[in-house]
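Following are the structures in question.
One chain, chain A, links the two complexes that follow: it is found with chain B in the first and with chain C in the second.
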Partner chain A sequence: MGELRIAGHLIWAKIRSEAQYPASLIAHLIAQVLVLGLDLLAIWALFLRVHALGGWTRGQVLGLYAISGTAFGIGDLFVSAVERTAEHVRLGTFDRFLLRPAGTLIQLLANEFELRRLGRLIQPVVVLVLVLTSVAVDWTPAHIALCAAMIVGATTMYSAIWVSTAALAFWIPSTQEFANAFTYGGQYASQYPISIMGEWMRRILLTAIPLGLVAYVPGIELFGAANPMGIARWMSFVAPFAGVPVALAAGLLWRAGTRHYRSTGS
Partner chain B sequence: MTQIVGGMRGPAGNLDAVRVYAEVARRSFLRHSTYRGATVAGAFANTVFGFIKAYIVLAVIAQTGAINGLDRTKAVTFIFVAQGMLMLISAFGSTEVGDRVKDGSIATDLYRPVDFSGYWLAADIGRAGFLAIFRGLPPLLAGALVFPIGLPTATVRWLEFVVCVTMSVALASRWWLIVNLVAFWTVEVRGIRSLGIIVLNFAAGILLPLQFLPKGLRAAAMVTPFAAMLQRPVDLLLGLTSFPVVIAWQGAWLVVMESAVRFELGAAVRKVVIQGG
Partner chain C sequence: MIAPLSSAAIEMHDLSKVFDRRVKAGRFRRVNERHEAVQAISLTVPRAEIVGYIGPNGAGKSTTIKMLTGILQPSSGTALVAGLVPLEERVKLARRIGVVFGQRSNLWWDLPLADSFDLLRHVYRVPSVDHARTLAWLTELFDLGGFLASPVRALSLGQRMRGELTSALLHNPEIVFLDEPTVGLDVVSKHAVREALRTIHREQGVTVVLTTHDLADVEELCPRLVIIDHGRLIHDGPTADLKVRFGGERTLVVDLVEAREPLIVAGATCTKVDGPRQWLQFAPVISAASVLAAVAGQADVRDLTVQEPAIEDIVRRIYQGART
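Our next item is the complex of A and B:
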């Protein structure tokens, strides 16, 4: 608990320092909203030509986009700073985190916190509110819980992917773009029904990098959407928890990485 | 100041200048060839995005049939060629010149007895030469393993494509100079650069091949320099347009953008403030 309080203080300090340059912050937030606007533009353009993708209507795809985007946005705000690991390893500044009496991961995340990353969260949240009020969702208590579980589950999953790909930097430097393929690539893939992907990619998204389990599979139940892959209904309720084992694995990988770290010796 | 920026003049100077540019390009090529891990990782990322985009686009074409000349094979080929070209035109932005303005090392560049804009063009050409091979081919080869890829067999078409891609590199090089030189006035160019990235990714045909956009939006994007950087050259490779058309658009935009660079640089050095001390 003490660690979280310290992290909170650090984050608050970072927020205040960023607020010193409000124009830069606002420009960045606007830019982020516009960048994400491209994803929406693509969905809009494609649905001018077809009525459904993988059997999902535009509203349902937008729902998937918004839930996955919101989760990615939360992960981006609080966890994506773990990307900076590579630089700390390269410069040897990771030493500092090891010297202090607190967890390395939480220190790194608090130290590199940037309010400007909020930009990735704003737009999906707006879309989420618009979609969930316009798309036909049967708002039973079970579905409300499922919707929340999807967001929490997907956030956990994205965070775990961020941490595990960043932890690779302890062994191999300059893997940033490799990590991007899983984080940003994963986010891109989970905006669309995975049934439109090839067999091999679907399998990856349901097992090795199970982003399909936290977005598409529960989405079938939540939106009452087409289920061409014939996934069992109970799976929709269990799948959001897939983030938990992945997060545990990411934690172990991070710990192994910090033990492997040998500083730069200079 | 403007004299320095003007670079070398006279016949002997021109010959020397060519040698200098060739050397700058060569060094730039070599410099980028040292980032091996990053190159492999980057090619991997471009390929992964290519696969996802290809499946999305194929799902649409499966329902509609060919869209504005893009059938299954052409659409997929477009996507993987485009994924390979991303780095050549720095689709995710270029920060080098902006950073140099910010930290003051731009002063060294302005001292150099070579033309500023020519220097960066040579450096970008050298960089692109390396990236064309090591970031351009892997996505295409990986794509060909999974999808139907259709590339032209005529040598002439490939030669035309190489010429056009070189022009694309020059156009993108000018574009990122225009964006980054704004740092002379604002110091921080992150916001403007983000806008540059957004516009480029949309209008170059990276987000989606422009054929997929509704008519008006497509027409608007096609007249931009960004379409000339990627969409048009790829259309040429796919046989959807002709060489004279592509090169005319590229040539016209190159003149406009080079003039813009020179105007901007001229204005910047007249009121230059070098950062740092």
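Our next item is the complex of A and C:
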């Protein structure tokens, strides 16, 4: 908790320094909302041609899109800055985090916080509110909890993928493109029902990079959507917790990375 | 101040750091090259001492400091700083040491200097009463009052460095590591920084390890001087002894009444003749008076000066000696 308070103070400081350039901030926010609007347009256009995608209706696909997008937006806002690790390792500025009495990861994230990343979160949240109030979701307490678990689970999963790929920078200097394939690529893949994808892609999204477990699988239950893969109902409730082991693994990888940094220097 | 756990602030025993680097050896081949950055350095720094830690570029100064501050893991040997093993007890150690790397900033670029200090208070979890007291003291000492409200990016180099030093001292560390704290500063700022460091040392009893290229820093601040080169310790002793020990030759410059051939004086060599003026170099064990007496026996002296060796020359000689 103490660490989170420190992070809070650091983030607030970053917001104040960013607020010194308000025009830049606003321009970034607007640009991101517009760019993400294209995603929405793509889904809209798709459903002018087809009536269902993997058995899912337009409302259900938009619901999945919004949950996945919200989780990605939260992760982007608070954790994606971890990709700056490579830069800190190269310039030796990572030392500063080791010299202060707080965790290195939390310091790095707080120090690189940028309010303009909020732009990625605005649109999915708006869509989420609209969809969840209009699509037929049976709002039982279990489903409310499930919806929350999906957002938390997917956020955890995205964050873990960001941290893991960024941690590779401790060994390999330039991993940015490689990392993007997992983060942005993963996000794109988890917006749609995975039943429409090829067998091998489905396998990846359910095991190696289990984004399907935190979005699609619980989504079946939440939206009462089609289940062509025949996934058991209990799986929908358990799957969001897949974020936990992935996050633990990411934490271990980060620790191994900092250890490597401390034995080799920069 | 925290009660001493061990008598020494810093203890190093055979501290070494080896880097393995992949180096090109032909078009495709890479070989591992061992670089021994720090080689078996043993050193003890008692509490409340100021020690100058110098050496040419690449000598291993920064690597040593990094091992002592918990950034780098030693390859072998041990280090205890404030009674702690730096890497194993990083967070605990971080609260008890202060570090300034002259080339890197500890401050938040876009924020007023005062805000950086406030953030550090939270990071180090210093109670606000203690923080206010220390900050007031340091503000006066480093004369920060005029620019506490300015963003760090707008500060001059001298102002920023005073800010950096304050940032490293705000949590009342027992030991401070200063890496090039006067680099790039003008003479006045350098003087101000040295004066402030002297005051802090006197009033707080902090231990200071100072790495610098400016030997005037060492002469003014550090009673003890440690020199390393190629990762090895090549000198450790009182700064004042340096001139005696390393044959810092002095020079007697005499203006004779009339020009003449080079004087021949036992224990001294005539290095230069310019009209009636002659330069006689002599070893530190020989007194200037005896050389002068010998000269006076041979010629009439109108005027004279004794030139002390510059500490730079002595240190350069030590480096060269260690290399050959």
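The rule we apply is simple: the second predicted complex is superposed on the first by the 261 of 266 C-alpha atoms of A that agree within 3 Å, B and C clash if a C-alpha of one lies under 4 Å from a C-alpha of the other, contacts with A are read in each partner's own complex, and residues count from 1 in each chain.
Convention: a residue touches a chain if its C-beta (ideal position, glycine included) is under 8 Å from a C-beta of that chain, and two chains touch if they have at least 3 such contacts.
None of these values were measured; they are calculated from a predicted model.
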- When chain B and chain C are modelled together on chain A, clash or fit: fit
- Query: Which partner does A:R203 reach: the first (chain B), the second (chain C), both, or neither?
  - Reply: neither
- Message: Once the two complexes are aligned on chain A, which partner has more residues of chain A within touching range, chain B or chain C?
- Response: B
- Message: Going by the contact rule set out at the top, does A:S17 touch chain B (first), chain C (second), both, or neither?
- Response: second
- Message: Once chain A of both complexes is superposed, is A:V35 in touch with chain B (first), chain C (second), both, or neither?
- Response: first
- Task: Return first, second, both or neither, reflecting whether A:L53 touches chain B, chain C, both chains, or no partner chain.
- Result: first
- Mind working out whether A:E177 is in touch with chain B, chain C, both or neither, as first, second, both or neither? first
- Query: Looking at the overlay, what does A:R90 touch: chain B (first), chain C (second), both, or neither?
  - Reply: neither
- For chain B against chain C after superposition, the smallest C-alpha distance in Å amounts to 14
- Note on the structure: Counting only contacts in the complex, chain B reaches chain A at residues 35, 37-38, 40-42, 44-45, 47-49, 51-53, 55-56, 58-60, 63-64, 67, 146, 188, 190-191, 194-195, 197-198, 201-202, 207-208, 212-214, 217
- In the complex formed with chain A, which residues of chain C make contact? 19-20, 63, 66, 69-73, 87, 90-92, 94-95, 99, 101, 104, 106, 108-111, 115, 119, 122-125
- Task: Provide the residue numbers of chain A that touch chain C in the complex, in ascending order.
- Result: 2, 5-6, 9-10, 13, 16-17, 20, 92-93, 95-96, 98-102, 107, 259, 262-265
- Item | Residue numbers on chain A that touch chain B, as the complex places them | 24, 27-28, 30-32, 34-35, 37-38, 41-42, 45-46, 48-50, 53-54, 172-181, 185, 188-189, 192, 196-198, 201
